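Should a chain be cited, it is by its letter among A, B, C, D and E, assigned in written order, with residues numbered from 1 in that chain.
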Amino acid sequence: MTSGVFSAISDRGSGVFIAILVAAALLIPASNLLLPPDSALHVPTHLVSLLGKYLCYAMLAVALDLVWGYCGILSLGHGAFFALGGYAMGMYLMRQIGPRGVYANPILPDFMVFLNWKELPWFWQGFDMFPFALLMVLVVPSLLAFVFGWLAFRSRVTGVYLSIITQAMTYALLLAFFRNDMGFGGNNGLTDFKDILGFNLQADGTRMTLFALTALGLVLCYWISRVLVTSTFGKVLIAIRDAESRTRFIGYRVEHYKLVAFTVSAAMAGLAGALYVPQVGIINPSEFAPGNSIEAVIWVAVGGRGTLIGAALGALIVNFLKTTFTTGALAPYWLFMLGGLFIATTLFLPKGVVGGARAFWEKRKTTKAAAETAPAAE
Amino acid sequence: MTRFLRALLVVGLCLGALPGLAQDAFETGLQRLAQDSFGETTTAISEIATSGAPNAALVIEALADGRLFFTADKQIYVKKPTGEFIDARTGAALAAEPTGGSAVRLNNRVRNVVQGALGNLGILSSDPVKRKEAALAVLRSKDATALPALETAIKQEKDRAILRTLETARAAIFVTKPDASDADRLAAIGALREVGNQDALATLRGLPTSVSAPVAEAAKAAIGGIESRLALWEVVQTAWYGLSLGSVLLLAAIGLAITFGVMGVINMAHGEMVMIGAYTTFVVQEVIRARFPGLFDYSLVFALPLAFLTAGLVGLIIERTVIRFLYGRPLETLLATWGVSLILQQAVRTYFGPTNQAVGAPAFMSGLIEVGGLSITLGRLWIIVFAFLAFLALLGALRYTSFGLQIRAVTQNRRMAANMGIRTNYIDALTFALGSGIAGVAGVALSQIDNVSPNLGQSYIIDSFMVVVFGGVGNLWGTLVSALSLGIANKILEPFAGAVLGKILILVGLILFVQKKPRGLFPQKGRGVEA
Amino acid sequence: QSSDTIKIGILHSLSGTMAISETTLKDAMLMLIDEQNKKGGVLGKKLEAVVVDPASNWPLFAEKARELITQQKVSAVFGCWTSVSRKSVLPVFKELNNILFYPVQYEGEESEKNVFYTGAAPNQQAIPAVDYLMSKDGGDVKRWVLAGTDYVYPRTTNKILEAYLLAKGVAKDDIMINYTPFGHSDWQTIVADIKKFGSAGKKTAVVSTINGDANVPFYKELANAGIKATDIPVVAFSVGEEELAGVDTKNLVGHLAAWNYFQSVKAPANSDFIAKWQAFTKNPKRVTNDPMEAHYIGFNMWVKAVEKAKSFDPEAVIAALPGIEAPNLTGGVSKMLPNHHITKPVMIGEIRADGQFDVVWQTKDLVPGDAWSDFLDGSKDLEADWVGKKCGNFNTKTNSCGG
Amino acid sequence: MSVTVPVSASLLYVDGVTVSFDGYKALRGLSLYLAPGEMRAIIGPNGAGKTTMMDVITGKTRPDTGDVLFGGRHDLTQMDEAAIANLGIGRKFQKPTVFESLSVTDNLRLALKGARSPGSALFGARNRITEDDIAAILTRIRLIDHRHRIAGALSHGQKQWLEIGMLLAQDPKLLLVDEPVAGMTDAETEDTAHLLRDISQTHSVVVVEHDMHFIRMLGVTVTCLHEGAVLAEGTIDEVSSNERVIEVYLGR
Amino acid sequence: MLNVENIDLHYGAAQALRDVSITATPSKITCVLGRNGVGKTSLLRAIVGQQGISRGKILWNGEDIAKLPPYRRARQGVAIVPQGREIFPLLTVKENLETGFAGLPRKERYIPDSVFALFPVLEEMLGRRGGDLSGGQQQQLAIGRALVMRPKLLVLDEPTEGIQPSIIKDIGKALSFLRETTDMAILLVEQYFEFARDLADTYAVMDRGQVVLAGTRSEMVETDVRRHLAV
């Protein structure tokens, strides 16, 4: 068995996937910035921001697939980690506005001024520094995941019970962040950002950089996930998924494995959220909505649970269709199409797009092999 | 005209005296109504009410119902509930509706005065229903001019309940009347203390500040007494609210306890089944309104079976076309039923429109009864009763029928069940239809207290899952206990934490509770579960 | 895209939680555009509506706004309902320099170059409503319940109202503030609390900034608990004809709403509009409401501004809009102010048994919308003027323009 | 049976263990002492509590009363399943349970002795296990030709063997083997007996079976449980001629 | 009378049965022997309908039941005692037994006394959850459950697995008793050679998905059979 940091992505699927993403990270911004707008190869800015957004969702999907696809943890609250990462980034961007806010307060964000806050709450301290904010992007979601997971896995909360409490978690956070008193801008959230690290967020150059970073971020998340799942660690995760108590009886500390996977996954979701916010321009509590987390689960299912690439692909497909369907004459009927797609996927591609494709190839391979060799029955 | 004089007039009216003066006041009153000014209308009502004119009651009733009209040339006429028009002044029937008439408008201030006037006029009516209403109207308006009539009425009244209301009304008037004597006041305070409810408290608090010390003392004591009594009742009231909220949660969740709890389908379309039930109610009411208006009060009786059948049929179709391919792959049912839910929502939105639909409450479900210091709204009471009936019916069906046994056998081991001769297809379809049908029935009840809109289902789905899971998947009693305890916990927290924080606390509490009981309140036990 | 059509973006949710309110606005816009085309279009060009569905999803609003402007190349967008959706598209409109007409009453505290606010600012709805209730006609209210959904619009509105009431001499004890989550559906406790609060012997009223979905159960509970408008009137800022269509109004007669338009107002323009609307939707019972009127005004203002600028170029139209006047549906003429808000009449309506409103009070003149509330510390010195000062938040104390 | 055995002398010391489920007493003061290196056969009627006893030893079930000590000092009643497994107690379940979606090889890979922390599974030694390391076991359990198959696709008997293989891979100090030859042919049964005898040279073993031929082949002390307690103990001949054992277990 | 004629069975691409034929006659016990993984269970699955066949016929009293859904086969009198017991874990013992009523006419919906006579432990444990029983108790329950169906064809997949010796003897007696007193056809898959040999009227030995030996008990040569069972 080969294993290790590089061999994890040495298979053909990973190679193609990473190559496409790296190429996208380089070529798309280049074409946008260097080619004239009327060139056939020019990728317009709005398309790039759209793709950037999809890629963030794809990161979230990969993170979710890591815990759901390989470890059987159906998290219905992954949107919370995404949103927390987003808020951490949003707070940084908010602080960057400085005195350029409508009330021209050098310290306080606008919403605090107009709700009569006198000083910056303690939890906003430090977010004016990018490295700190970046750290928080990873630390806050993974800390929450760690504490939550530590409690839940130690108590052996599994299956739907775990799903429901993750949902309760994101729902509680939704309600909490809605409250203006929390100090995160209530339901309007954080918005009206100006720049990041001194670069104007609206400038094409910044957008392209963000896009490229997102594509590379997805590569990174994919890579990390692959390392996790192709090592024996991943086998243990699958063993846990199949027969949790059996895994304990051969000496594995199930809760530790789950905790590692869950925490890493939350950090990746947080990173996705952080990349999402500057590209979308707003972060608000609706990102905590349970429906969002369920949607993320659905991306994974559409693409193919337990395939990582499938999860990413699922996020891209579903969101691309959503974008397409919601414009024009069909706009009032797009839910029919999306709903139909979900049903069709489960019925005709039970393992999702990637799982289905794999099964197809395998079947072709084995029928060929079976045709050539003697009976399979021993 | 001073109040005293007006009071006198009422007495006169009762004695049938001073007819000439009365007709004058009536005339001026009517003229005022044509001015289309709230201030003038208010004055006019007093004038008309006290005029003693034979048409006075008719005119004021018409005004209250918005059936009194005036024209530009100051003709005032009444539209009778039967549809004919009569001249307000003479009472003569009109051949046709005068042209250019517009209704005399009301606002809340006018409505208050109208109410008082109607009370004064109706308090001596021979119809006990009218008398009761009038007595309540006087109690509300606390109009001192009604006092003489009130006294007369109290002397004559035979019906004990009405008498009580009349006496309370008199007490209320004495408490608020600026020039009442101390003796009257003290007696009144005593009477109100007896009554001891929120309204009595409000009346007592409205005591003028200028009263003498002993009266103020007595009032203070009475207020204190009522307050402590009400504080006690408040505990009961909170429990009642909790029970009521719990029964709503139970209703919403109970169908899911079948499709998810028993069958294991992560049924994201459950909420839409509830919605279908609610829309069935709406359609039934529309048909009844249009075709058989007399049956309106029975609309829910028709809606119940229809909602069960409609939602059940939709459930059946979903099961036959989608779910049946997914047994043994529970997680994928999430994806498929999510798709189903999107389609159903949008289908309803496309067909009925995106806005709320009005579903009315039948008479037996509207209103409020007071039991001690506890106010019970009838609508909620029925929902509680209904939730429990539905629960018991379902429990019985699952526990004590062979259908129930077959459902459980199929869901525990579908393959083996088939080998035992159980028609698994048939059972699956019926079970899903049953769960969906029950959800539809819940929709009928929920249409009484919530929006009937395409979003209805979405607002219950999360709560429903929480209830079922918190109770322990697959245990109906768990669903019951969990719904009620979530309802009551919510209502205990709400008063001091607020609705938002209360809900957050419930969610956090739930998360922590599951650490202690990782398989819900009533976990399924035994070797079979862990394997 | 043929050069003789001009595209107009319609950015209203057709699915999700907000579809309930916004779908109507999409239809209203389609009708207005249709009408305009029948009149020959604008500057000789036909208008073409581009409908998108942002699905009550705030980031999707931003995405769709960008798509409308860059891909569809629309000349203006009519859209949004919630403030957060507006906030999420703001950066897009600023970046791409296009126009958004926003038709819903909101909390104020904003004035952007690219946005034209045709709904009410708090001074055009909340304050007059409270004034009315304090008057003799309104019932001489002395005690106040400010009940709202827990989000920015109610929070801000209530903050403004609280400051206003205190300034009017109302005691702090006579104000009760209550917030509920979105979609709150169990109102038993709160209705009981209101009843209790109202039994202190002083006339009490409820000022409701409860949001859409939660209203129906709220009113159903009010009716169940037997609270009549004559006891404790409720004045709402988000309940119009459309919302009432979903409630049995028999028991709600006399409760109030404050708007700048009611369907029941008798004016020729209004009758005409209602007739067209019912014909357009092929539904003789279809109601109109305030945000529809706001779109009506906004759209006509845009047409006039285009004609004045002789161009569809957003920059030119933005410059042309302030000062443009357009008739509203209640007999007056509204004017676009330099702060990008408009003048509107304020009306108080009482609910009738048929689900319509009876206007019981209205301002004599049109009230100019105020972007920055005079009752909040942070904003009382701010002023918006896109004509002279070219600034949305000019501080009159420091004489400088904010960011 | 009232032999007093010094705690420290026994590898496994089960004393006075009682377990009840909803009032039903599955074990009633069961005592069992196993010397280091000993192999013990356990028989007893269906429902006597044999599997429950293994559940108690491996931490799956907490006893109501009684002591369970391992190696004279580890109190197994206070430890969880993983900790007990890591002490060196391995188990084959009565109903074969393998990781159905992993390959036969991977099932063995996970079972193989060694560090079990997430770190080791991620970057550590566990990733350097090669197929050759487990080939011997695969051959021994005759699944070498099936090594790439998904364990879920094995027949019932093949799964039994795989579980035995996993137990071998674990190389525990004490093996608890619950009905290893159920569903095996006579030849396989014989083979399994050989296998266990080999293992018992270096390991302690507790084996539960109903197959008396098999028990006889093992040739070790036999304990017969009945209604949650020890009914008889001794050589196979002693036990199988015990009247009570014949009455409740063997039949006439 | 059961006639399985030339069936093939596949799991995906892998073939588990090839050209298998076997018969089971009323009042006779037919025994199938074979090593692990040779396809015994697969054959039974095909008969009761748990697994579809890709070729051949399954004739039950002359009718081809190969396309019938499992519940129809059950209602025609085919009952199985599966390998691995497949007890309904959360139903009580009584309820487990009662699942056998599904295909019975109303008047036959009771549990025959013979079930309790054969397995007294079941009567003691009527109220317990099936899943809580010990392995051997579950095996007894599985047999009892099949008998409740009043089968005409009883298919047993290693029914002695995990059962204490005395009860194995009882099961043997019970099967002989059923053979003698009813016209039930019994198809028994067994590893336990002596048990099978003592019971079987006819037998078949399988290897690698095929029937390699078949015949009546008198024709059976132990060494031939044992050769196929050897490792």
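Things to note:
In this section, a contact is a pair of C-beta atoms (placed from the backbone, for glycine too) under 8 Å apart; a residue touches a chain by one contact, two chains touch by 3 or more.
Here's who's who by UniProt: A = Urea ABC transporter permease subunit UrtC; B = Urea ABC transporter permease subunit UrtB; D = Urea ABC transporter ATP-binding protein UrtD; E = Urea ABC transporter ATP-binding subunit UrtE.
On a predicted model such as this, the values are computed, not experimentally measured, just so you know.
Looking at chain A and chain E, the chains that touch each of them are B, D. Any chain touching chain C that also touches chain E appears here: A, B.
Farthest chain from chain B, judged by C-alpha centroids: D.
The most centrally placed chain, judged by C-alpha centroids, is A.
The most distant chain from chain A, with centres taken as the mean of CA atoms, is E. The mean-CA centres of chain D and chain E are about 29 angstrom from one another, to the nearest whole unit. The mean-CA centres of chain B and chain E are about 62 angstrom from one another, to the nearest whole unit. Between chain A and chain B the centroid-to-centroid distance comes to 45 Å (mean Cα coordinates, whole Å). Each chain gets a centre from the mean of its Cα atoms; for chain A and chain C, those two points are 36 Å apart. Counting partner chains per residue, chain E has residues 14, 37, 132 touching two or more of them.
Looking at chain A, one finds that residues 175, 178-179, 245, 332, 335, 378 touch two or more other chains.
Of all residues in chain D, those that touch two or more other chains are 21, 95, 97. Put simply, chain C touches chain B in their complex at residues 14-17, 19-20, 23-24, 136-139, 150, 178-181, 183-186, 188-190, 192-193, 195-196, 198-201, 213, 216-217, 220-221, 223-226, 229-231, 233, 242-243, 245-248, 250-251, 254, 350, 352-353, 355, 358, 360.
Looking at the complex, you find that chain A touches chain D at residues 1, 3-4, 227-228, 231-233, 235-236, 238-239, 241-243, 245-254, 256-257, 260, 378. In the complex of the two chains, the chain E residues touching chain D come out as 11, 14, 35-37, 41, 83-84, 121, 128, 132-137, 139-140, 158, 161-170, 191-193, 226, 229-231. Those residues of chain C that touch chain A in the complex are listed here as 14-15, 50-55, 57-60, 62-64, 66-67, 70-72, 82-84, 87-88, 90-92, 94-95, 109-110, 150-152, 155-156, 159, 181-182, 376-379, 382, 392-393, 395, 398, 400, 402-403. Contact residues of chain B toward chain C in the complex are 38-39, 66, 105-109, 111-112, 115, 140, 198-199, 201-207, 237-238, 241, 244-245, 248, 345-346, 349, 353-361, 366-368, 375, 377-380, 448-455, 458-459, 490-491, 494-495, 498-500, 503.
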